[in-house]
Each structure stands twice: as C-alpha cells, then as structure tokens.
Amino acid sequence: MAIFINETTKVLVQGITGNQGSFHTKQMLSYGTNIVAGVSPGKAGREVEGITVFDTIEAAKEKVGAIDASILFVPAPFAKDGAFESISAGVKVVVLITEGIPLQDAVSIMSYARSKGTTVVGPNTFGIISSGKCKIGIMPNQIYVPGPVGVVARSGTLSYEIVANLKEAGYGTTTVVGMGGDRVVGLNFIDVLKEFEKDEETKLVVMVGEIGGAAEEEAAEFIKEKMTKPVVAYLAGKSAPPGKRMGHAGAIIERGKGTFEGKVKALEAAGVPVAALPFEIVSLIKDKI
Amino acid sequence: MAIFINETTKVLVQGITGNQGSFHTKQMLSYGTNIVAGVSPGKAGREVEGITVFDTIEAAKEKVGAIDASILFVPAPFAKDGAFESISAGVKVVVLITEGIPLQDAVSIMSYARSKGTTVVGPNTFGIISSGKCKIGIMPNQIYVPGPVGVVARSGTLSYEIVANLKEAGYGTTTVVGMGGDRVVGLNFIDVLKEFEKDEETKLVVMVGEIGGAAEEEAAEFIKEKMTKPVVAYLAGKSAPPGKRMGHAGAIIERGKGTFEGKVKALEAAGVPVAALPFEIVSLIKDKI
Amino acid sequence: MKLYEFMGKEMFAKFGIPVPKGIVARTPAEAVAAVKEIGSCVMKSQVLTGKRGKAGGISFIDDFNQAAAEAEKLLQMEIGGYKVETLLVEEKLQIDQELYLSITVDRASKSPVLLASSQGGMDIEEVPEEFIVKKIIDVFIGVQPFIARDVCRRMGLTGSVAKSFTDILLKLYKMFCEMDAELVEINPLVISGDKVIAADAKVTIDDDSLFRHKDLPGVEERTALEKKAYDLGLAYVQLDGDIAVMANGAGMAMATLDTLNYYGGKPANFLDAGGGAGVEQTARALELLLETNPKVIMINIFGGITRCDDVASAFANVKKSKGITVPVVFRLVGTNEEAGRKILEEVGVHAYRTMQETAKKAAELSEQ
Amino acid sequence: MKLYEFMGKEMFAKFGIPVPKGIVARTPAEAVAAVKEIGSCVMKSQVLTGKRGKAGGISFIDDFNQAAAEAEKLLQMEIGGYKVETLLVEEKLQIDQELYLSITVDRASKSPVLLASSQGGMDIEEVPEEFIVKKIIDVFIGVQPFIARDVCRRMGLTGSVAKSFTDILLKLYKMFCEMDAELVEINPLVISGDKVIAADAKVTIDDDSLFRHKDLPGVEERTALEKKAYDLGLAYVQLDGDIAVMANGAGMAMATLDTLNYYGGKPANFLDAGGGAGVEQTARALELLLETNPKVIMINIFGGITRCDDVASAFANVKKSKGITVPVVFRLVGTNEEAGRKILEEVGVHAYRTMQETAKKAAELSEQ
C-alpha cells in the first residue's frame, strides 16, 4: 500500500528532452519508477535514458496504452497547456514541478482537473514519492526508505530535511507528498490526511506546514474530527517578520490570519504536537509509533 | 416508484410571473405537483397561484430550503443564464421548456450540467411527468393516469397523441419523458431507457422517435444488449421528403443517416416492433403486458 | 443561416484566417474589372449549395479576354436550384496539398467536434475513416494548443505548415464560438508553398442566435412562402399534394403527413404551428394556408402549451373575416378542449377527436 | 505587481467601468493646472499602501488658491514607508452611499471569489460578516447575470443602481481575468445619484503572468537590493541581523531563520535561492549577500532540483574571483552531494551535514 502512486503506476514525463526533464528522468528511473514514455513536441522518435519520446500524449498512448501519472518539466508559460493535455488524456495523477505558473492558469488547471477527477500535485512542488515503489518528482533518492510514516509538506527542501532526519533515526516513510508552494495548489492537507488515514501501512503522519493561509487550521479541524492515526507537525516561519513576502506567494501573512501562533494553537487543540524546529520532529514521534 | 421525479419532488418555477409561467403553474398545481417557489427577477414578494415569487433561486432557497427540480419559462436569450442559475443552485432536474435557445448556449448548459451532475430535460420539450405524482411541464393533465408503461419521446404533441391512445385502451403510464426537439438536448433515449429498466413499476417502454440524427439507432444497440423489458416504438417522418427542414433542427436528414428505413431496421433487429402510425402502438403492446 | 462563400471569407479575414485575394462581382462588367485587378484568377459562382465545381460553376481565367464571356455564362447558371447572382473573383493559388478542416456541434457528445483530414478537396466524403481526425471539444477549455498538436501529428503536418495550421485552427474555433456558428468548414484548406490558405468557406450561423448578431447581413434561402412562414415563427415546407395541413409540434406534423398518406391523402405542405402559438399567430398560419389554394384543409391540434380555445378563436376570426370556402377537417383535443369545441361549433365546424378519423375524412374529401 | 490608483483607474476606464474625471500630477504646478481644469476637487497621494486617508494623504480642494500649497504638502509626505511622488486630482463626487466590491483568488476553493458589501468605505474590515456578500466563482461559467442579481439582492440594490452595479461587476470580472489580476478592489464604489462610480482602485497583477502583459508599465515597490534579487529570480527580504543566510526553498529558508534564532544568531536576511538555481544564479545570489557586508555567511543547501555540485561550483567561482573574507558556514546534502563536497574542499571549505550544527556554528561565529 501507499497513497496516490505505487509500484504499478505507469508514468509519463512531459518535457523529457529538456535539461531538468532528462536529469530527473534518470533519477526517477534509478529509484525504480516505472516510466513508460516521454513527451516533447517536435521531438518524436528520440530516446531519453532509454525512454521513447512522443510528440503528444495521445501518440504515447497509442503505443504504450493508458498512462496513470505524469510529471511536467514544462516552462511556466506552457504549463497550463501541458497540464490540460495530461488531464484530457485521462491521466489520474498529474505532478506539476513548474514554478511561476500564472495564478489564473493554476485556477483553470484545478477546475479542469476537478471536472475530470484528476489529482494534481503542485504546482511548485518537489513531487510525490511512495518509498521503494515509485518516485514522481525531484527529491533526492537516497533519503526515501520504506517505513510507517506518511509525510505531507508544503515546502520541498524542508521536507527533505525532515525525511532525512527520520531516516537517520530509523523511521522510513510510506508516501511523501509535496503539496506545492503556490497560492493555488491541487491538494490540501485534508485531501492527503484522508488518504493516509485509509492507508494500512501508514501508522503516523508528519505535517510540514508554514505560516500564511489557513490550510493548517483547516487540517486541525479535520484531524480532531476524523483522524484516528497520530499526527505531528512542524511549522516553519516562527521568526518570520509579519507582512513580508517570504518567497512563496502562499506565505504572505494577511490580516492576522495564518500566524505561527494561531496555527500552533489550532493544531495543539487537535492533539497534534508541534515542533518549532525541524529536527525536533523525531523526538515527537518516538512514543507514538 | 417513477423515474427522475416523484411525489416528493420540490419544484421551483423560473419565469413564474409570465403568461406561460403562470398558466402552467396553475396546471401543474392542479395536477398535484409540489411547487414550492417561483422566481422572476424584480418581482420578489408577489404571489402566483398562491406560490411566493423570489428574485433569485438563492433567495428562494433561504426560505424554502433545497430545490429538487426546476422548470424554465424564460425567453430564449435569457435561458442559459436561468439554467445556469438552477444548476449552480444544486437543482438536480432542470426542465427547459424554452424553444429557440441558441445552439452554443445549449452546449454550455449541458457541459455545466454534466460537471454538476444535473439532469437537463429539454430544451424545447413538453417536460416530464410521473403519472399521478408530479408533472413538470406543459402537457395536458387529463391524459396522464398511473399505469405500467414508460414513455420517452422526442416530440411533444406526438407523445400526447400516443399517451391519449394508451389511456383510452386502458394503459396508464409510469413516467413520460420529453427529450426535446433541439439538436442538443440533455437526455438521449439511452439515458431514459436505463432508468426505466431500473424502475420496478415500469413493465414496458414506448419510444417515440422521428427521422434525423442517430439517437434511435444508438438506442437500438442499447436495447439489444442491456434491456430486459419490452420496448415498442413509433417513428414519425415516414413520408417526409429527404433533406428538408421539418421544424426541428434535429430532424434534418443528413448524408443518408437517420432515415426512416434505417431506424426501423435497427430497432427491429433489436426486437423492437415499430409502428408506422401513432395509433398502431396500442395493438403492438397488447401481447407484451 | 448559411453564408455565401465570400461572406464566410470576409469573416475568416476578420478573425485572421488567411484567404486568397478576392473581389466580389455581381455583373460581367464588375467581373472584368476584378480580373483586371487580380490577373490570372478563378471565378466562382456564389450559391448556397455544394458540388458547384462539378456543376460547372467555377471557371479558371488565364486569358483576360475570356473574363466577360465566362462571367456572363456563370451569372446565367442555376446550381442545385439556386440562381447564381454573385461571383467571387479570386487569385489562383499554387496548390501543393488540399486539407480539410471543420468544426460543428456533435449531437451525441453535446459538444463541438473538430474534423480534419490531410486528404481534403472535392471527394472528402469518400475519404476513409482512418484519414479523418475527429476531436470532441470540451467547451470549458476549448481548442487548446495540445489538441492542435495532436491533430497536426495525425495529419502528418510538421514545421511551419503545422504552425500555420494550428494558428488557423485556434482562430477558427474562436470564430465558431463568437459568431455562434453551427458549422464552419474549410475545404480545401490549401498548402501553398509554406503558406496555408482557406480556399473555400462554408459557414452556417445558428438562426436562434441571430438576435446577438444583428450586424450580420441576412441571407435568404427560403421560398417566398417559406420566408413568410418563418417570419411568422412557423416551420413551413412546401410539398406537392392538395391537402393543406396544420399541426402543432414538428413530430405531430410529421405524424399527420404519415397518417394522411396512409389513407391515400396528399399533403400540400408541412406546417408546424409551434408549441405556444397564440390567437394571432394561428390566424396568420391559417391565412398562409388559404393562400396556397388547397382542396381541403386539415387541422390537427393536440393542445399542450397550445390552447384549444386559442386555435378555435383564431379559426373563427379568420372564417368570419376572410371567409373559408374549402372544406376544413378539424381535430381538437387537449388543453381547454371544451372551450375550443364550443367556439368552433359557433362557426359551424365540428371537431373530431382522433387523428385517424380526421385524416381519413380529409383524404376522402380531397378525392371528391 | 501592485498598480497605483491612477493606473488602476485607467484600466477600469479601458474596461468601461465608470471612474471620476481625473488628472495625474507630479509637481505642484501640474496639480494647479489640474485643479484649474477640474474645479472643486480631491487631491489624492498615489502610494502603494492603504489607510492613506487616515494618514492625511488626501486633501479636498474647494478654494483654488489652496491648490499649490496642498500639492506641495502632499508631495513631501511619506505614507507607510512610501514617498508620495504622484498625485491624482479628481472631481469631487456627490456621495449617497459607499459600496465595496472586490475579486481575488480563494486558496481553499482554488477559484476566484467575489466580495461585496453595501457598507463600503474606510472601515470595510470592521463590517460584520452578515453584511459581506461572498460568492465563489466557477471559472467555467464566470460571473453570470444570475450571480450579479443575487449579489444585488443581498446588498439591497434595486432599479438603475442594481443595473449599473451589475454592469460594473461583469466588467470587473472580465478585467480580472484578462489582466491576470490577483486582486481587483473598488472601495468605495460610490452611488452618486443614479450613477455608480469607482472612487478608488486597488489592482494587483500576478507577477507570474507579466510575460503576457508586456505593455503594462512597471511598478516597483521593492528596495534596491530586493529588486536586484528579484531580477536574479531570487526571493530576498532584508532583516536586521548580521548573519547573511542563503537557503534553497522558501520553507527551508524560513526553517533556517528559525534555527538560527534558536541558537541566538541574528539573520540579516531571508534569501530563497530557488528550486532549480544553476551555477550562474547561485553565484549572483552569493555576490548579493557579500554586498550586504555581513559578519558571517550561512549557506544551507538540501539538494533536490538544486544540485550540490552546482552550488559548490558557484561558491568556488565567487571565492576565487571576488575573494570572500568573512567566515562561511556551509551545509550541503542531497543531490550530487559528494561531488559538491569535493569542490568545496578544494577551496578549503568544510561542509556540515546537519542544519543544527551549521546554525549553531554560524551563531557562535557571529558572537565573536
């Protein structure tokens, strides 16, 4: 078991011939991801790391059959078209690595995805990985080993930090999900928590949040009412000055909402211990697993 | 039982203060339809046949709660907006009486309805009636009495003819569905046949088709493979000259498809006896029920 | 409403779709002037029907001296029942390949559908299925570049031709939506060197949408009587029998013809008086039928949204004001039936209750 | 990118949303000329922050002789950290009621959201929830008339005011979409007689969409250093400590500040070098940090899409070419870690493996 993706997931890479596309195709293959095709318009017939490149997803489907998941290494101005192509082709999990996708493009992508029942991971995400089974993303392979912890994070590198800490302490992961740092992303904490609650292999969930928005507060409400599995959290941004942009459009503190203190309060009220520094997570989960 | 609507269906009338709206509200009420509210922008606070009028469906919902079905007596240029309002308000069955709705408006309505899981009856329909339970439409009350026959028709008056014949012969109806005469309508024969197949009270189905399009041919395929209940059909247009517009945009014979002979052949191959005149239907069902 | 080729091409040009250089001519003199300006050209008769090439409605003009004679010849032609009144004089294109491209609305999916082929031209209807690319369009996203890419791939288009084709496709979809088209068709869409040009244009605008396209010029393809009926909101088709028929609802009208035929009667027309016809409209419909000098009039009304009393009143009014001398066979049931029957009886007309007896009676009377 | 009020209003006018008659002035002389033309007016300082009315940034000019002095006064003000450089001189409106109207994007529903209130004006944030109308917009259908009707109903607008409001709402949504806005806000939207007029304009265009709005004039609200960082594709915020910090990923950068603080260190900045920064970009980021003359530099890299060898190479290049005299505490793990460590060792820098030890060391060094 794992959530969203597993060892049978057939993956297609959009933008496979680009710099990042080819580099991460290699990385994903070496992790064991079942990549079945790549797409780069005008580059049909080439190969990247042994994977055949097609002009369009329809062309790929004619040769390799249905695609379960796709990952996009497509520049921001073309990302909407690429995501639409995946969604339209019936791909069920679409991972949008791309940073800087226009906000309204993201809105359109999410609406279209919803109408087709597609799960979108990102944009501006490191991706999703089911440890030992399937990696669809750009995270460093070596830190993801199978184990009982589910991780869901807004921020990429921060989750690496925590997953690496977990690994060193002897805890592997089931699935690690990067929600993405943009204001509009496909998954929220609750979507992912629901899946972890259903997943038999996941015994405990680590939430990696940050200041800004109300996603953590909403998650707290859900945890209180629906989660039976233990959840622990780390929140970044305790020392961030209020009202300043901290890189993620999502991390703007607005009108007193989304503060560090408010989030901690909401989570603790839901029985979720909150670490103020990333390396404290390990000690928080010790008694719970 | 009945399909799509029954005695518990809460109905709202859009365009209730107009000529047709008020006339047919009275007719529907006298048939026993559970009309809970009316809408006419700018006319809030009035009453039509004892039914309170609101400016918007949201306003109506605030007072009377959720609406199950709506019927639109709204001029063609405003019908899309009215249908969107119903669909957006979570109404599950929307009956579009209006004739002359622009084709692309109909396309938009159907797409939006699909995304929200709404059933659209029409446009350019006489509506839908579950005999003795609920009438949402403009058909003459007196011919609809409860009984074992389900009727699905493209054409309005023609279905009255047949339902009246059935009644005189002693056969009542479960539900009579008018699909509507336009090129793009919400329901096709198959959608309705599926429901009749599931409905316990319906013992036999009468299809009232006409020349043009391929709906009857597709229905024949479905009947052959999926229907256990007997189906009989009447097709109008045997003597229509090919290639001429016969009033319904839907009834254009194009490229040899949709001919009377082709439809009869397809239906008979599926075990569906086809009457060439409307009053022959009664004799066709005699042995089957 | 079908548009003439030249109108469709004006619309294409407005939306940025490349068309050949062309001039409209309505007289031989205008045609000669046009040829003078364009040079080596093709002269195309403007009619609202296909197959005009096979019918001789297109002339290629290489020699300037032919121009007047050819124009005269074309302007005297009738193609598929349509008189040629206008010519389009166009530059001759170098044709490397003929493509096909159209967008219309698909009944089954209730969505626009895009059809394209690398084998366009006169015989498009005989091109095997596997060479026709068909894409159902989700109106929420419209025609996106990824769709165009896949169409190009399947048509075997690459490089600058694919780029131009994509550009045309996106613009054609925009035009389809904004102009409320029922059909936009380019056949052939010509590859000429590295250019892609719409060599023909078949555009049909949805009649029901014309209220929001008031600036479009009207194009009439109905007969005078049909036009009159259309203006009254009636669906009317002329047939060649002697029993004038009025019914409400298209299905009912068709069934009435079927039933008349069954009893040996010959309908003079198809007339759907419409769902919600009131007194005024019904009266106009009756007057229209009287104008055709039928032997018998058969009226078949099953009142739903149409109220029997309205129809009866309309009939009574016309009978009183114009006088009706031919026999009228009336069938009247449904909404407000009793009131309607009473009105008819006052003007001495008995109404039947079933379609059979009505049709049978009408057929009998027409034999006399 | 936030737009100045006068720019927002120009955009409103372009989309057909009524705005007061107004003239932009950048000097007292221009302001006087504007007052001469407009007459009794209001002089509004143009700053990218709210609450300017409460800060005295708005003057009402009834007496023409006040104009020069008032303009001079306003042009010397600083409001919320922004120097006033431009004035908007506008006709004074008769104000019968102040409404509020805005459209932005809602995170939770991933859709545009429309907010409206019949109690607009300066204190909109204190208006009770029940007087705020909120509608989540389904982008597939957009803002339709039925939505506007319900907004009007809930705001208590009727008649011609409701009609004008509806018209403005539909146009504002169009502008929101076409201009890729993050926020369009009109507060107050003034009812003046039977007219409805946008008396203010707050418009923010999505930075990520600017590539398709090349014709928009640039508005800069960053400090010089922040601007430089932005142009390099870096997210940089100046803070008041002495440890320059570079990390990759916004979350990681925040966590780095948190950890530094925990160990008593004082970060001089927030700098997210970005997900996929290459050698060139990382080098620019380092040079930027050097410019701020920090006491210590802490670099915290967990390589994912960022490759450790790229970061190390960039560091080595900068060290060789510019020389780095302040102590650098480096943490380097992740993609291509071994290659990166090797490069660093070649320039004499040891890389730590955990954030804790790195932050602790940096804090210690900054104390010395």
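Letters A, B, C and D mark the chains as written, and numbering starts fresh at 1 in each.
The working rule: a contact is a pair of C-beta atoms (placed from the backbone, for glycine too) under 8 Å apart; a residue touches a chain by one contact, two chains touch by 3 or more.
Just so we're clear, the structure is a prediction, and the values are computed from it rather than from any experiment.
Between subunit B and subunit C, the least number of touching-chain steps is 1.
Of all chains, the one whose mean C-alpha position sits at the greatest distance from that of subunit B is D. Judged by contacting C-beta pairs, the busier of the interfaces A-C and A-D is A-D. Centroids of subunit A and subunit C (each the mean of its C-alpha atoms) stand 54 Å apart. With centres set at the average Cα position, the gap from subunit A to subunit B is 46 Å.
Each chain gets one centre point, the mean of its Cα atoms, and the points for subunit C and subunit D are 55 Å apart. Subunit A and subunit D have CA centres that are 27 Å apart.
Chain contacts: subunit D has residues 138, 140 touching two or more partner chains. Of all residues in subunit A, those touching 2 or more other chains are 108, 111, 115, listed in ascending order. On the subunit B side of its complex with subunit D, the touching residues are 41-42, 44, 55-59, 78, 81-82, 84-85, 88, 108, 111-112, 115. If you check the complex, the residues on subunit B that touch subunit C are 20, 24, 27, 76-77, 97, 99-108, 110-111, 115, 124, 126, 138-140, 153-161, 164, 181, 183-186, 188, 208, 210-211, 213-215, 218, 234, 236-241, 244-248, 250-251, 255, 276-279. Across the complex, subunit B is touched by residues 105, 107-108, 110-112, 125, 138-140, 177, 180, 182, 206, 208-209, 211-212, 235, 237, 239, 247-255, 257-262, 267, 270, 272, 274-276, 302-306, 333-335, 354-356 of subunit C. Residues 138, 140-141, 144-147, 149-150, 153, 158 of subunit D touch subunit B in their complex.
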